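There are two complexes below, and they share chain A, which is joined by chain B in the first and by chain C in the second.
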Partner chain A sequence: MSRTVSSATVVIGAGLAGLTSAIALAKAGQDVTLITKGLGGLTLSQGSIDIWGRTGAGLVTDPAQAVADAPAGHPYAVAGADAVRAGAEALCGWLDGWFEGDLHHTRLVPTAVGAWRPTCLVPAGHTVQPAAGQRWVVVGPRRMKDIQPELIAGNLARTPLPDGGFVRARGVGIDIAARAHEVDSSGVAYARALDEPSFRATFAEAVKAVVHEGEIVALPAILGLNDPEAFADLSKRIGHPLCEIVTPPPSVPGMRLDQALRAYAQQAGVRIVLGAAVLSATTDGDRVVSVDADTAGHVTTYAADAFVLAAGGFESGALEYDSTGTLSETIFGLPVTRAPGAPVVADYWADQPLFEAGLSVDASMRPLGQAGKPVCTNLHAAGGVIGGAVRWREKSGEGIALGTAWAAATAIEEATK
Partner chain B sequence: MRKLSAEVVVIGGGATGVGVARDAAMRGYSTILVERADLAQGTTGRFHGLLHSGGRYVVSDPESATECAEENAIVSRIHADAVERTGGLFVCAPGDDPGFADKFLAGASAQKVPAQEITLSEALRREPRLNPGITRAIEVQDGTVDGWRMVWGAAESAKAHGATVLTYHDVTAIQVEDGHTQAVFCHNRKTGEDVTIDCGFVVNAAGPWAGHVAAMAGCHDVEVVPGRGIMVAMNHRLVNTVINRCIYPSDGDILVPVHTVCIIGTTDHPADDPDHLEIPADEVQQMLSAGEVLIPGFRQSRAVHAWAGARPLVKDHRVSASDTRHMSRGMAILDHDARDGVKGMVTIAGGKLTTYRLMAKNTVDLVSEQLGDNRPCTTDQEPVPTATSGINYTITHRLADREAERPTGPLGQQTPNDLGHQVVCECELVSRGMLVDTIAAHPDAQFDDWRRLLRIGMGPCQGGFCALRTTGIAVERKAMDAAAATALMRLFIAHRWIGLWPILFGAQVRQTVLDSWIFSGLLDLDSVPVPAVPPAFTPPGEAAAAKTATATDKEVAR
Partner chain C sequence: MSTPIAAAGLGFAGHELARASLDQCLKCTICETQCPVARVTDLYPGPKFIGPQAERFRHGQSVDHSLDYCSSCGTCTLVCPQGVQIAEMISQGRAVMKAGHMPLRDKLISQTVLMGKAMTPVAPLANAALGIKPLRVVVEATFGIHRNAPMPHAQSQSFEAWFKKHRPARTTEATRGKVVFFHGCAGNYFEVATSKYAVEVLEHLGYEVLVPSHGCCGLAQQSNGLFDGATHDVLKLCDDLRSAGKGLTIVSASGSCTGMLKHEAHEIMGVKDERLADVGSRIVDIMEFLWTLHQAGELPEFAPINLSVPYHAPCQLKGQRMGMPALDVLGLIPGLTVRESGQPCCGIAGTYGLKKEKYAVAQAVGKPVFDHMLKDNPGFGLCDTETCRWQIGKSTGLRMEHPIYLVHQALGLSPVSTAA
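Coming up: the complex of A and B.
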C-alpha cells in the first residue's frame, strides 16, 4: 500500500519551468508539490535569462520584439508574449536585485570558446558589456581545464561587435590551486574555495599580478558559489571591472540561480521532493488523478487537481527516440509531434528536425492529442518538453520556460476559480 | 620543387602499403612511402578491429583460414601493443543449424586453426549477456587489433630501417619512360610544395583507390570495386571476447570488443566511390537486429558511432589464370610488366588486415625478384619499435597509467604537481601530457590526427567535453592561432556527426542534445567567425580526387 500525498497541483521537474510554475501557483495560494527525479537543468545553464538571442539571420537585438513576432507553432506564439513578459517580471520580482537588463535589449557575455554570446537578463554586476577599443584580459587558472585563456582571448578579439569594431584581448594563465596538490579542479571546486575570504585574497593577488592598468578582467564564472559577497569582494580586491565567462557544465552561475530559486520556492510554500522519479500515472476519463513516484524506500502516490509536466526534453530523458524510430514522452506517454521527413540530416550545422520535436499544446499549455484536443483537461506542460524550437540555437530556453510555465500556472489558477 | 630518390616508392599508407614499406626497408631497399592523408585513414582505420583466428574461413575459404591462423600468431607478437588477446567464440544462435558446428570443427582441424567446443554453461559464464538460447559454442583464438596502432608501429619500424614516410602527399603523376617507371610526382597538401621522387620501382598499395593510381602509369582497367561495409560501435563492452555467429559468413555475424566499446559488423555492398561511403538506415537496422540475436537487449544499448569502410576487391580480367604464383586467396598482386608492359610497378590489393604482413611479403618477394636480388623477408622476426616490451594491449592500461600519475603519500608530502596529469578526455583517459607531447611530436597534425593517435573524442561523449579543451591547449601551446583552432574544432565536431547521425537513437540522442547545449547553448560556438579550413583538412579525397584526375590526364600524356 503506497503513501498518498494530496496537493492542489503537482509539478514534475525542477528546472526553470517547473520552479516558475510551482512558485506562481504557491504565490496564488495553492498547495503545490514539486517532484523531481534529479536536479533541474538550471544547474547546467549559464545562469542568465535567454529570451531570444539568435535567428538564422543573425543576432537578435530586441528579444521582446522577436517573441512578439514568433512564427506559428513556436512555443512563444502559443504561450503569447504577455506570458513571457509576466513570467520574466515575476522572476525578477521573486529574486529581487538578482538580474539586470530588460527584455528589449540583448546583452553579450563572453564564453569559454571566446564567443560573444547573446542573452537578455544577466546576474547584476557580474558582466561588462563589450565596446570597441576596450582592453580585456582573460585570466584563468591553468588547473581548470575548461578555461583556456589564450583561445578565449583570441576569439573575443577577432569577433566583430554588433555595433562594429572589436575589443582588444589577451589571455593569461595563472597557477593557483583550489585544493592543495590538485591539478585537475572543476569550476565548482574553485567557486567553493572562493567562498573563503582567505583564498579570495590569494586568488586576487594572483590575478592582479598579471593584469595591466585599464584592463577589463574576464574570469571564469567561478567567483563564489554560496557566499553572495564573494564577487563584490573580489572586485574590490582586484580593483578592475570583472566579467564572468560562461563555462561548460558544471556551471556555477546556473547552480547559484538554482539554489536561490529553490530556496525561494520553499519559502513560498512549495513542497519539493527530490529523487522522485515518476513511475506511472492514474487517469479517470479525461483527468489525471495521480502519479506514482519512486521515492526513498517506497512508492508514493501524488494526487492533485492539476498537473504540470515540466520534465525537460531529450537531455533529461523526458523525451525519447528509440532504435525503431519511435518518439515518446516517457512519463505520461503523450503524443510527440515532429516535422515529417528525416529526423536528422547529414550536415551538422543544418537544422535537425528531431531536436524540434516535442509536445504540441493549446493556449492553456495542455498537450494535444488526436484531432487537436487536449489529452487531459487538467494536465499542462511547460519548458523543454514542448516542441517547436531548437532552444540552444535560438538562445531561447529560459524565455520559453518562463512563458510556458506562466501560461500553464495562469490556466490552472483560472480553472480553479 | 623538392627532389628525392628511392629504390622503392610505395603509394598508400594503409596496412598494406606500410607493411610493404617496412618489408622493403628491412630488406635493405631505400624506400619512400607516400600517403594522401594520414596513415591508416582509409580502409585500415575503418574496419571492426577483428584479428582473425581463421575460424571465420575454415568452411568457406580454407586457405585463408590457415593464413589467418599463422599471421594471427605473428601479428600478436610483432605488434603486441596493438593487439588484445581477447579470444573468441563461435556460437550457434537459436535457429542456426547446429550441424554447421561439426563442419566448422572438422575444417578447423584440417586447417590447423585452434578451436575447441566448450559447454554452453561455460560459454554463458564467460559471456553472461550471450543469448541463453545458443545451442553450441566453440572457442577460438580471435583477437582484436587497433589498426592505427598497428600501422604506426609498422611505420616506425620502416623508418628505423631507413624508410621515409610522407603523409598528406597526393600522388599527381607517375612518370613512365621506355616502358619503365621513372618517378612519382607528389603534392604536399599541407605546404603546397611539389615533390618529385625518382625511383626504380613503384608499389601501388592504394587499396580501393588502386585503379586510379595504376592508370597514372598507363596501366588501365585495374578494376578495384570498393565493397562497402558498415560497422556500429556500442558505447561499452557488451562482451569481452569476440562473438561470431557459427554460420556461413554473412552480414552482421561478428561482435568485436575493442578498447572501451564493442563493434558489430558488417555488411557488403558494392560502392561507386570509396571517398563517399553511405551508412544506409536499413543496414544500421540490420546490424541492430543481428546484435539482438547474439545479445538480447542489444537494441536498448547505446550506439555511439557508425562508420563505413571499403574493401578493395580486385576484379581483374587481364590477369591470366596461370599468373597465380604471387596470388593468394583474397589478395591480388598485379605484375604490370606482364600485364601492361610497364616494368618496375606492381599493384597489391585485396586481402585482410590480419594477413597484411603476408601480403607485404608476397609483394616484396616479387619486387625483389624483379630487381634481381631475391633478398629474404624478415618481417616476422622483429617486433616493431612500439611493441618491444612484448606485452599485449589490455583495456585497463590507461587507467593504470593515470593511477600511476596520482599524487601519492600523505597529504602535504605528495609528488610534485604536474599539469600534464590533467585528464583532458575522461572517456578515453587522455592526459594533458599525452596531448601536449603529441602536439609537439606532430606539428603538422590536426584534430582528427590527434584523435586517431590518442583516441581523444572517441568515447561516449563524442568530444562533448574534450573538444574545447583540446582546442584551447592547441592555442596555448602555439600549435595554431585561435581562428584556425576554432575552425578545426568545428570541423572535428562536424566530422564526429558523420558517424553519429546514422545511429542517433536512444541514449545517444540524449548525449547529443547535451553536447548541443554545451557547444551551441552555452558556448555559442556557432557564432564564432572562422576562416576557411585549409585544403589538407577537408574530408579524405574530396579535393584530392578532383585534382588527381586532372593531373593524371596531363602527366600521363607526357
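Coming up: the complex of A and C.
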C-alpha cells in the first residue's frame, strides 16, 4: 500500500535551515510538513548564532558589514544581507528574550580548549565579554569529560584580545559527582542534575569555596538543561558574574536551542515527521510533484506545491563524495558545483576545496542546472547544502542557514500569492 | 562460546540488517542525549556505547550485560541523523545474550494471550486478585514482577465475542468496501472499549469491517529476546489476517503491535517472509488511516468538543516514522486542544516497566509524562498504545483513552465529554 500526504510546502531536514524555513512558512499561514531523517546539527552546535567570525585577514568585528561585502558566489551574496538580517530578527522574535547581541558586533565566547571564539548572537545572560585586565577563574568538575580547567585558563590568559590586552585567568577543579557511580559524566548529565534545586545548592557551595572576590567565574556550559530558572538561580547563589564555556558534543546550549526551536515549530503548526529519510522525488516537467519517504511498512508519498531541501552537507549525507571521485546531491540528483582542481588535497593543514562544494542557487534559492537556470521552479535549497562557503573557518554556518532559509521561504510565499 | 541461538544462525541472521549500519556512526552523541533510560540511570551507558560501539565486539558473544537495561523504546534510531539502526542491533544483542538462560518471568510476561484467556472468564476475580497487595508481594518475590507494576484490567467479554454478536448501527451504507480490523491481544481481552470505538467509527464511515479471529503479534516476546516464539506468533498472525481477503487495508488501534508488523519483525528479528511483507505493507494505524481519508476529502465534519486534553505519543508509534497522525486528526475537531507531552517514552516500553529490577527506572523515565498528564486534564488523558495507557493510568490515577475515543464522540456516536 502507498499513502499520499499533501501539504502546501514540504521541508526536508530539521537543522537551523529546515526549522527556520518551516516556521517562517507556517507563521505565514501555510500547511507545512517537515520530514527529517534525524535531529539536525543544532543539537551539536554551540547554541550561539555565528554570522561571520573570521576572514583571511583575521577577526571580523562587524559581521553585518562582512555579510554585505561577501564576494560574488558566496551564499551571503546570493541570499542578500536583507534576508540574513530578516532571518536573524525572526529567530530572535520567535524565541523572545533568548539571544542578546546585534549583527554589527562580534562577541567572544570561551571554548573548552581555551580559545576566544568569535560569534554574534549569544544566549542572553550566559556569557561575559572579556576585557583586558579582568580576573577570570575557570571552574570545572573533575569528573566531567573533556573539561580541563587549568588548560582552558592557561590558553585564555595567553590569547590576546582584539584590543591587544589579556585577561588574567586561573583554573581550578572541583570534585562533585553528577551521578553517584560515574567518574566521567557528560555535560548533559551535569546539566540534568543542575535542573534540580538541591543539587544546585551543593554545586554552588563547591564553586563558591574556590572563587575569589571580584573574579568572573567561567563554568562549562552545563548550567541547567530544562529548567529555565537554573542559570539565574546559580548566578544568585554563587554571587559572581557567570560565563558558560562551550564544550564539544554533547553540547548543552545546542540542545537547549534545538529543543526550543522544535517546540516552537510544533506550536506554530509545523507537522514534524521524525526518523523518515526522504529517498527520492517525482517531477513533472520543471516541477517537483512529491517526494517519497521511508516510513515504516510502506513508503509515504509527500505531495506539495513547493519543496525546501535543507538536508545539510556532507556530514548529514545530503552531499556525497564517493570512492570513484563522483560528487552528488543524494535526493534529487542536483548538479553539485565545485572549484576546478582536486577536491581533496593531501596536506592536512591546507584548506580542502571539497568543503566549498555544494549547490549553486538563484536569488529565490532555487538550485541551478547546467545552463544556469533553475532545475525546478518550485524546489528551493537552504543551509549547508548550498556551496560557496567554508563555514567552519568563516564561522558563518548559522548565518547562512538563517539567510538562505528566509530567502527560500519568502520566495515560496511570493509564488503562492 | 557460541550460544544455541547463535549456532542456529539467528545471532547473525537477525544481525545482518542492522549490523550493516554501524559504520555510519559519526559518534555525534545525539542518540545518547535523547535516550530516556540513560537520562535517569547510570546503570545504562547509552545507545552509542551499547549499540554501534559494543556491536563490533559481539561475535555471537555478549560483551556487556548492561545492555539489558535498554527498554527498546527506539528513540535512538529515530533521532540518529546517520540512519544507524541502534535500537535494532541492541535488541538483537539481547536475544543472543539471553539465549539459553531466559528467566521464567520474561517468558511469562510475554504471554498476553494466555493471560487474557485465563482472566476473561473470571474477570472480577482476576481483577480483585491483582489488587491484593500481599499476593503481589509473593508474585514479586517468586517471579520478579514488581508489586506496583501496572496490570491490565480483565473484561467479562472479549472483543471478538462482542463483534460476532454486534450488528452495525449504520447511518451510512457500507459503500466504501471492506477493511480488516486488527485488535491484537490487548484489544481483544483488555482494551475492549477501544476496539469497539474503532469498529463503530469505521462502520459509521461506510466500511464493512472484517475481523478474522487472530492472536498475538509476538512483540512482547521479541522485546524480551524470545525471537523463535515471536517469529512463530507473528507469522501465524499474518496467516490469520490474510485469511480475511487479498489486498485489503488492515486498520489497527494498537499503536505498538502495528509497528511490530510494519517493521520490527523484519528489521529486528530479520524475518524475511512474503506473508509478513504483505501484511506489513497493508497495515495502518487508525489515525494514519483517518488522516488519509481527510486528505482525500472523505471524512465528514466533526462536532465540536470544547476541551483541552493532554496526549502522549508512544515511542513505538513514533518509531513508525510517520509523525503523530493523532495530532492531525484530533486537530480537525473544533474546540479541541490537544497538548502533546514532547517526551520520548512513558517508561513501560511493553513489559520493561513490569520487571522488579527495572521498575524504578521505568517510573523515572515516565515521570515527565505523568506530570504532563496531571498538569491540566478533563479527567482523562490520551495515548495510542495499551500498555502505555496502563502505565500512565496506574502512575497518575487518571483514566487513559485512545484518541479514537474522541473521534467516536465527534462523529456523534457517543455523548461528547465535558470538562470534569
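To be clear about the criterion, the second predicted complex is superposed on the first by the 415 of 417 C-alpha atoms of A that agree within 3 Å, B and C clash if a C-alpha of one lies under 4 Å from a C-alpha of the other, contacts with A are read in each partner's own complex, and residues count from 1 in each chain.
Basically, contacts are C-beta pairs under 8 Å (C-beta built on N, C-alpha and C of every residue); 3 or more make two chains touch, one makes a residue touch a chain.
Source: prediction; values computed, not measured.
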Partner, of chain C and chain B, that touches more residues belonging to chain A: B
First (chain B), second (chain C), both or neither touched by A:145: first
Partner chain(s) touched by A:44 [first = chain B, second = chain C, both, neither]: both
Partner chain in contact with A:114 - chain B first, chain C second, else both or neither: first
First (chain B), second (chain C), both or neither touched by A:295: second
Touching partner for A:266 - first (chain B), second (chain C), both, neither: second
Touching partner for A:317 - first (chain B), second (chain C), both, neither: both
Partner chain(s) touched by A:404 [first = chain B, second = chain C, both, neither]: neither
First, second, both or neither for A:378, with chain B first and chain C second: neither
Which superposed partner A:364 touches (first chain B, second chain C, both, neither): neither
Interface residues of chain A shared between complexes with chain B and chain C: 44, 180-181, 249, 315-317
Chain C residues touching chain A - in the complex, by the definition given at the top: 26, 28-30, 32-34, 39, 42, 77-83, 249, 259, 261-263, 280-284, 288, 291-292, 295, 318-323, 327-328, 340, 342
Chain B partner contacts - residues on chain A that touch it in the complex: 44-46, 54, 59, 111-118, 142-143, 145-155, 158-160, 173, 177, 180-181, 183-184, 246-249, 251, 313-317, 320-325, 343-349, 354-355, 391-393, 395, 397
Chain A partner contacts - residues on chain B that touch it in the complex: 285, 288, 299-300, 303, 407, 411-412, 414, 417-419, 421-424, 432, 465, 468-469, 471-473, 475-476, 481-483, 485-486, 489, 493-494, 497-498, 501, 504-506, 509-510, 513-514, 516-518, 520-529
Contacting residues of chain A [partner chain C, same complex]: 1, 3-6, 33, 37-41, 43-44, 179-182, 186, 188-189, 192, 249-250, 255, 263, 266, 271-277, 293-298, 300, 315-317
